[in-house]
Amino acid sequence: MEFYLYVALFAPLVGSLFSALFTAKKANKITGYVASFLLFVSFVASGILLYDVWHGGSVHVHLMTWINTGGLYIPFGFIVDNISVTMMMVVTTVSMLVHIYSIGYMDHDEGFNRFFSYLSAFVFSMMILVMSDNFAGLFIGWEGVGLCSWLLIGFWYHKESASWAANEAFIMNRIADVGMLIGIFMIYYTTGSLQYDKVFAALPSASPYVVTLIGSLLFIGAMGKSAQFPLHTWLADAMEGPTPVSALIHAATMVTAGVFLIIRSHALYQMIPNVGEFIASLGAFVAIFAASMALVNRDIKRIVAYSTLSQLGYMFVAAGLGAYWIALFHLVAHAFFKSLLFLGAGNVMHAMDDELDPFKMGGLGKKMKWTLILMVIASMALAGLVPFAGFFSKDPIIEASFVSHHYIIYATIWITAGLTAFYSFRMIGLVFFGEERYKIFGFHPHEAYRFMLLAMAPLGILSIIIGFFRTPFYNFITNILPSTIYEVHPEALAWGMNIATQALVVLFIWYPWQKYAKFKGADKVFEQHFIYKLLFNQYYIPNFYNKCIVVPYTRVSNFFWMSIDLKIVDATVDLIANTLYKTGKKTRYVQDGNLSSMLKWMVFGLVFLLLMAVAYGLAFEYPSKIAEILLNLGVH
Amino acid sequence: MSIEQFKNRNISDDYYLVDIDDYPTTNLGKFTRAIKRTFKAELLVGLWVVMREMLKFNIHTVQYPKEKLPIGPRYRAVHEMKRLWESGTERCIGCGLCEKICISDCIRMDTKIDEESRKEVSEYSINLGRCIFCGYCAEVCPELAITHGGRYENASEQRAHFIMYDDMLTPMDMLKAGAQKEFEGFGAITPHEDESVKKTPLSY
Amino acid sequence: MFEAIAFYIFSILTIIMFYITISTKQPLYALTSLGAGMILISGFFFMLGADFLGVVQIIVYTGAIMALYAFGMMFFNTTKEIQEPRHDSGAVVTLSTVAAILVIMIFVGPIIGDKMVSLYPPLQGATNTQSIGMVLFTKYLVPFELAAIMLLVAMVAGIVLAGKKMDRSLTLMTEEEIAMEQEAKNKVLV
Amino acid sequence: MGIDYIIATIIKIVIVMLVFSALAGFGTYFERKILAFMQRRLGPMSVGPYGILQIMADGIKLFTKEDIIPTSAVDKIFKIAPIITASTAFMAAATIPFWPDFTIFGYRVQPIITDSSVGLLYVIGVMAIGLFGVLLGGMASSNKYSLISAARSSAVFLSYEVITGLALLAPIMLVGSLSLVNFNAYQVGGISNWLVWKQPMAFILFWIAAFAETGRTPFHLIANDHEIIDGFGTEYSGMRWGLFFIGEYANMFFISFVIVLVFMGGFGDGSVLSALAFLGKVAFFFFFFLWTRAAWPDVRPDQLMWLCWKVLMPLAVINIVITGFVVMF
Amino acid sequence: MSIGLGHYLILSIILFAIGLVGVMRRKNLLLLFFSTEILLNSVNIGFVAISHFHHDLTGQMFALFIIAVAASEVAVGLGLLIVWYKRQNNINLDQMNSMKG
């Protein structure tokens, strides 16, 4: 099994390095094929590992020692257990399909080879993140995916907005990573190890305050990576990257790393239910907050991005309430239908020459039948309609919040479920139905390549059927995770709640259908409304950040630069340099630049050194005699 | 007669064109050429040709001092100074045209008036070390006094020997024996030339 | 007896040759006398039973190194006598002699003190070449490989240094000269 | 190391010097004759029967000719250079066995001056020093043609020394010794034991390199008459020029001996017949030097370098690698 | 009269001193290189003599590596010398003072 582990881990790295060889060359389809094939290899290996773990196996390997100093011992260790194999399957499946899709999507791009190099490198980092058996390895993967995310968001670096967005994402993540790093340091300080098993075995004996602090710090890291409030702004801006990147990184895999971290450290968070409640509250807030922003947005990718934020909020609700397996299940299901949604959006963008405003589209359904079908499937899964994945994964979260008596959270996320349906079908309606507004703007939409659709098809199928695997998944995953079942009693109430939710969802599907599928023109009155403006400007949070953080920080930096750095630090350094310089000026006549005289000096030095060598040799040989002579000379 | 024949005058049945390949430009072309040449063993062909000639021993050397090749009648080598048939006096009248025309400046002559108050050549020399045997002197000579002979073995131990007038002058005994060679044709010596020369008054 | 004769003849000749090398004004004399000295030194090696080293001395020093020097000298005006200001000083000679004696002292020290252990004695019944091969390819394999790499690097360096464009230096050229050169290059490209 | 050994060695040295000096003279005669026959000529015929005394005539001429030294030449080096060429050529003969061991007047005579353990390497090394004669002669002449010739010679000799060494490495690996006597012993026992069958590539490479090392016709660019007059010999006259000539011909003879000893079985088991066959083989290789001069054109210096570094050296290295594998397994 | 280690070492001293004098007195770079070759050779004699008289091959090994070092030195040094000559048209040591303080 070790072999399959290494194959699953290193196949993407090989693909990345192979593509990296051709980055300076012209776009070459072969890099895409090779990278995709290696991802397929990784996928197969993960599948074999899944089969093994399903039958009760578990792989824990120790590749080599990384750091071994004093009491610190960090190996490159990898573990494949129920959690990580689930993540591996998600990562390899989605990334394989996205790779295949990208061959078509990035077809005409100059940086084709570079793209695949980055993408495969990302998958490698993600695999390290999920497979590591210690916090240090997790942090490597964490930073690795951050780096790849930066590279990929700024993939079209000549666009200023793209490089700005990349930097924003990077810096936001670094802010959170500081928290996470301090958390890791504290773990080491408290327990003396970074291995998961040892840490979780040692933590119960630690002081509860420290554990709370560690949990909070780690959650700060998770907040950054999963773009929770207030560090959420980067995710919407990250949509500057190519769409497959958004599908893979900013919907399916990387942003769920925060959730993964919470689930991975569930033993820690079980000890601190207060922090869990905070996480759940924040998750619920982010869910409705992001969903509300998605309601009015005029950019299909941003709509999907906000929806991702909202769904991540759901996951945090589940994780915070202790329903880790539900969080993980929603993570899996969400990965499939959200990446499908993004890829569909990618098809639309392709068809519309990178136009993103849904108000300029309309009626695309006639031209893009298959995209329409897949998008509708994904949207239904997202909205949580009955047979689709979302129903089986999202409704348990709502139920769990009800059962654990957090009624405010319950109400919030119940309403959010309705909003989810609203914005999804608002987008579907605007893009695929109604008048063919794109003709005014002179676009000529066309369906995407057949194999791009074929790459999306498995995601569509998974979005439909994954929900039915909830029970086996429950049996599988609760080997490790706490096996709490959240069921509403009595049964009639449960049925009633389900029907109410479904009714809400159907209502909020019907309303935008009515309003936007026959969309004629913008509703001026509606758009002048205060709430619309508030939502459209993302609650003015970017502006707020700009005014309250960026500007004062710049001022403080300026002050430090002008007064402290220049006047104190530099002056000191200059003083030292000037002293040396003046000394050198006086003594430099020794070095007259004449090689011949230098050679003489060299020989002189050689003679001196040889004399010293002989003298020391004699001194070591006859120490007593020397001492005697010195004694006679009166030296003691 | 068409113009084509003149244009194609290089090509006759005796000529054949060598099939020369273009010089290869690509590395592969150079490589294949090298391989072809190696396996066609072109080097060995050359070796075989010379070896064959050695074994045939078909020697064409003429061992010159011992054997000599016959010389064509129109061969023009070292100058000869002719005499008149009847009296045996030198034909040269000292007109100086040969000295004038000589392009390599190798003829030098000096004249004086003799006791018969006739012009007489007192000194005449041709520096054969300089002479390029262009033949202008013979062509310009009005008396056919200087001509080119067939003697080509002109080696000597000293350069002074290359200007000896007496060697070129037809010896009297040869003249007596009638061995002085005359060239026939336009402007050739007529009978009784001797008399007409003697009768010609030279002092004006 | 013969060995003593050979030794003295060879030593005197070697010293004379090397003295000519360091004192002559004519580079060609220096080259020739140095080459002759090298060959004479190979004679010492033969006398000391280091046959292989003797041949290597001939092939490498005389065959390759001196030939390279000669090749390099063709770039310079060889037959011209070189002018060197001579401020002759006893200090130079004293310093050299002291240095030489010290170096040899450090060599000889362990020998006199009988502290030298024979690590790799020559193999019994093997020729010098065989013994050297045995030691070279077992105990000294890594230094041998390193020497090989060093030679390769030196060769590449030599080729690059003596290459075509190494005599122009962008740091010594003025901005205008660089610009002019750039322009000329562009013209060629167009 | 008795006095008799010293005397025997001195006698051997004298004999080798005399024989090969004479042979160098005869070499010129043979060359003229053979070239003449190949070109349907007769060659020297006048001096003596069939021109055999031409050697004497040439010798007398060279010895009596005025020894001119140009004023701008570096005179000492100019005078030494031909001596270097001639003497190194004869020095190279020190480790070559010219004949199997035989007994004369009750003495067992080894017709080799010294059987060194580094014999082959010594021959190659000392022949390489022969370059210095050409080099110094060319540089000291203060003549541009001579200088070009010196530059060419150092380039060619340095390059082809590499080929010679690499080509001989494979046979040395098989034999396991550098002594030419051991080479001969390795090949005793008939034609099938000759190294040329085991090392055909090394044989061809060494043969080609031998042409370059002696500066003979396909690679005659060191003194290419139609380009650079007589190269290093342009300013020389008289016996100094003659010494260059003797050196060249002695080198040809010795390298023919080496080829035969290394690749073509040498003198085999030491019987008189095989010893005569040995001389016959040597004669053939010497003849081949003359033969190519009649048949082949000269190559350009750049072609020569191309051949050396891009064709022969890779082949030699491949040959060594293959031989190494064969010896190892 | 037999020749011992002392003889060879004295020879080595003399040659080393000659080489050092050359290094210090020579102004022509090419001849400076020659002097360094003398230094290397004198040390080689010492190594081989010690190796011979003490029955240890290490000395010969060192001599061998010194020869290798000398060969590399020539390749690089001569390359530099040629570049310098091309640029400055002389190889005089006294004119190489662009690095003076």
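Which chain is which? They are A, B, C, D and E, in the order written, and residues in each are numbered from 1.
Assume a residue touches a chain if its C-beta (ideal position, glycine included) is under 8 Å from a C-beta of that chain, and two chains touch if they have at least 3 such contacts.
Treat the numbers as computed from the prediction; the structure is a model and nothing was measured.
The chains in contact with chain D as well as with chain E are C.
Looking at chain B and chain E, no chain is in contact with each of them. Ranked by how close its mean Cα position lies to the mean of all protein Cα atoms, the top chain is C.
Chain centres here are means of the Cα atoms, and by that rule the chain farthest away from chain A is B. Between the interfaces C-E and A-E, more contacting C-beta pairs are found at C-E. Chain C and chain D have centres, each the mean of its CA atoms, that are 28 Å apart.
Once the centre of each chain is set as its mean CA position, chain A and chain C turn out to be 62 Å apart. If each chain is reduced to the centroid of its CA atoms, chain B and chain C end up 65 Å from each other. Chain B and chain D have centres, each the mean of its CA atoms, that are 47 Å apart. Among all residues of chain D, none touch two or more other chains. Looking at chain E, residues 20, 24, 26-27, 94 sit in touch with two or more other chains. In chain A, 600, 603 are the positions where the chain touches two or more neighbouring chains simultaneously. Listed by chain label, the pairs that touch are A-C, A-E, B-D, C-D, C-E. Considering their complex, residues 1, 3-4, 7, 11, 14-15, 18-19, 21-22, 27, 30-31, 34, 37-38, 41, 44-45, 48-50, 52-53, 56-57, 60-61, 64-65, 68-69, 71-73, 75-76, 82, 84-86, 88, 92-93, 95-97, 99-101, 103-104, 107-108, 111, 116, 118-122, 131-132, 135-136, 140, 143, 147, 150-151, 153-155, 157-162, 166-167, 169 of chain C touch chain E. Taken in their complex, chain C has these residues touching chain D: 2, 26, 28-29, 31-32, 35, 39, 51-52, 54-55, 58-59, 62-64, 66-68, 70-71, 73-74, 78-79, 127-130. Across the interface of their complex, chain C is touched by residues 1-3, 5, 7-9, 11-22, 24-28, 30-31, 33-35, 37-38, 41-46, 48-52, 54-58, 60-61, 63-65, 67-76, 78-83, 85-87, 91, 94 of chain E.
The touching residues of chain E, counted against chain A in their complex, run 20, 23-24, 26-27, 32, 93-94, 96-101.
On chain B, the positions that touch chain D within their shared complex are 43, 46-47, 49-51, 53-54, 57-61, 63.
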